[in-house]
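Below is the structure I would like to discuss, written out as structure tokens.
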Amino acid sequence: MNLELALRMCEAAVRQAGREGALISVAVVDAGGHLVAFQRMDGARITGPVLAPGKAYTAVAHRMATADLAPLVLPGGELYGLAGDRYVCSGGGVPLGESGGGRGASGASRVVGAVGVSGGTVSQDIACAEAAAAVWEGA
Amino acid sequence: MNLELALRMCEAAVRQAGREGALISVAVVDAGGHLVAFQRMDGARITGPVLAPGKAYTAVAHRMATADLAPLVLPGGELYGLAGDRYVCSGGGVPLGESGGGRGASGASRVVGAVGVSGGTVSQDIACAEAAAAVWEGA
Amino acid sequence: MNLELALRMCEAAVRQAGREGALISVAVVDAGGHLVAFQRMDGARITGPVLAPGKAYTAVAHRMATADLAPLVLPGGELYGLAGDRYVCSGGGVPLGESGGGRGASGASRVVGAVGVSGGTVSQDIACAEAAAAVWEGA
Amino acid sequence: MNLELALRMCEAAVRQAGREGALISVAVVDAGGHLVAFQRMDGARITGPVLAPGKAYTAVAHRMATADLAPLVLPGGELYGLAGDRYVCSGGGVPLGESGGGRGASGASRVVGAVGVSGGTVSQDIACAEAAAAVWEGA
């Protein structure tokens, strides 16, 4: 992960939010879950600074899209009761693979960062995060 | 609990993970829930340092395997609403009894430690934790 | 505060860091102390995501530069014992006034945001934060 | 950082503690500050699981030995008021450089992990951490 690419990813997410009519925050984290870049659109909720980095952290930590994680943390799901004050398990966090194409990958050691989006509906957040991930995969 | 035995338990869990094709973290805690030993396999998720000690803590705190605790924390379950930032209630935490055979024991004062494993599927985590517990029981 | 201006402020801080030979993180927060933009330079410390927003938060919360706050929190100082897990009281946080010129202002309701920088020496952090604040004041 | 090397570092710290007559905990973290290995000697304080990883985290995050950081966080020091619930700024945390010889290095992007020791006197903790770092540097 590097800042230049992270900024391009943020821009892509914000652009997609414009198309979606959503006001979002977007965060990009490195392999250690530490923030590299963050942007909150004018008028976006003040939850964004917590939830967007949280989704990105969760995606890199669990090596899967938070949308895929969401059903697993439901009551009765395999990961119900998951603890940790940085976890956000609703859709909008997408892991980034070492050589692109890592979206949703749960493969072992290949995830090197993640993007997280919050502020719109879950489907809008996912669309924005995937727009950012597409920049990564094309890089 | 002692360090020498805790290290042998960690090794057994890591060995089992190799057989399972999983990349795990393993934690051993004492009767107070405090960490004695921890090991994270190369390439294992960064959630391990949170979740493996969390499962071990939860197992020793409730004196039962976290796999057995999981249904109790479901909505409507006896322990629904269980709070605390160190609780992890999915399978992979196993309590250790005073004289072996303590796995799953909910008997009052006999639990003197626990092992917690995270990083694989829940069933892989359980298998690794039980491999560690078998070392304890044979000791 | 708005995202476009926050991004220009981040860029100015990063540019100044280049001149200083420092690797920094920079954060811009709004009047509520909530993050608007954040950038961490390649190779900058992983403390940046905690300390840069912390300095910005502290500057907007107390309506003064964290460099000016530092002596007040010394033992015997007026604010000794200041608590709160987001406070960072070393130099590098600068409040932003409503109509520019707000740097260091402690005037009541005029502070509408802040910038925080971390990663270099304190004097480098201050120089970078002031470069960002200059963008605000010129806007 | 890898587990095999982290375990050898823990062993070296424990061995040194034996020579010092101290009972310690030792932690090794990766570049992201996440735990790789931890060992607490029999009879060592229950603070070890908090303080040893905390010192290691602080050393990797600030890219300097916590012994060197300690005077900076004194009242009036450059980093007084440093925030963050994982910081431990007394001696016993030592950063590990990319190619050995990184002990105490504050150079930009070369720190790839750290060791932290707690439980003895500060000078004992430092001696144990340095014994662990020597294994890293010789690897």
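Going in written order, the chains are labelled A, B, C and D, and every chain counts its residues from 1.
Assume a contact is a pair of C-beta atoms (placed from the backbone, for glycine too) under 8 Å apart; a residue touches a chain by one contact, two chains touch by 3 or more.
Owing to the predicted nature of the structure, the values given are computational and were not obtained by experimental measurement.
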item: C-D against A-D, pair bridged by the larger set of C-beta contacts; value: C-D
item: Gap in Å, rounded to a whole number, between the CA centres of chain C and chain A; value: 26
item: Gap in Å, rounded to a whole number, between the CA centres of chain D and chain C; value: 30
item: Centre distance in Å when chain A and chain D are each reduced to the mean of their C-alpha atoms; value: 32
item: For chain B, residues contacting two or more additional chains; value: 42, 46
item: Pairwise touch network: line, ring, star, complete, or other; value: other
item: Chain C partner contacts - residues on chain A that touch it in the complex; value: 2-3, 7, 14, 32, 34-42, 46, 48-49, 53
item: Interface residues, chain D side, partner chain A - complex; value: 30-34
item: Contacting residues of chain B [partner chain A, same complex]; value: 23, 42-43, 45-47, 50-51, 54, 69-70, 73-75, 85-90, 121-122
item: In the complex, chain D residues that touch chain C; value: 31-33, 60-63, 75-76, 78-85, 108-109
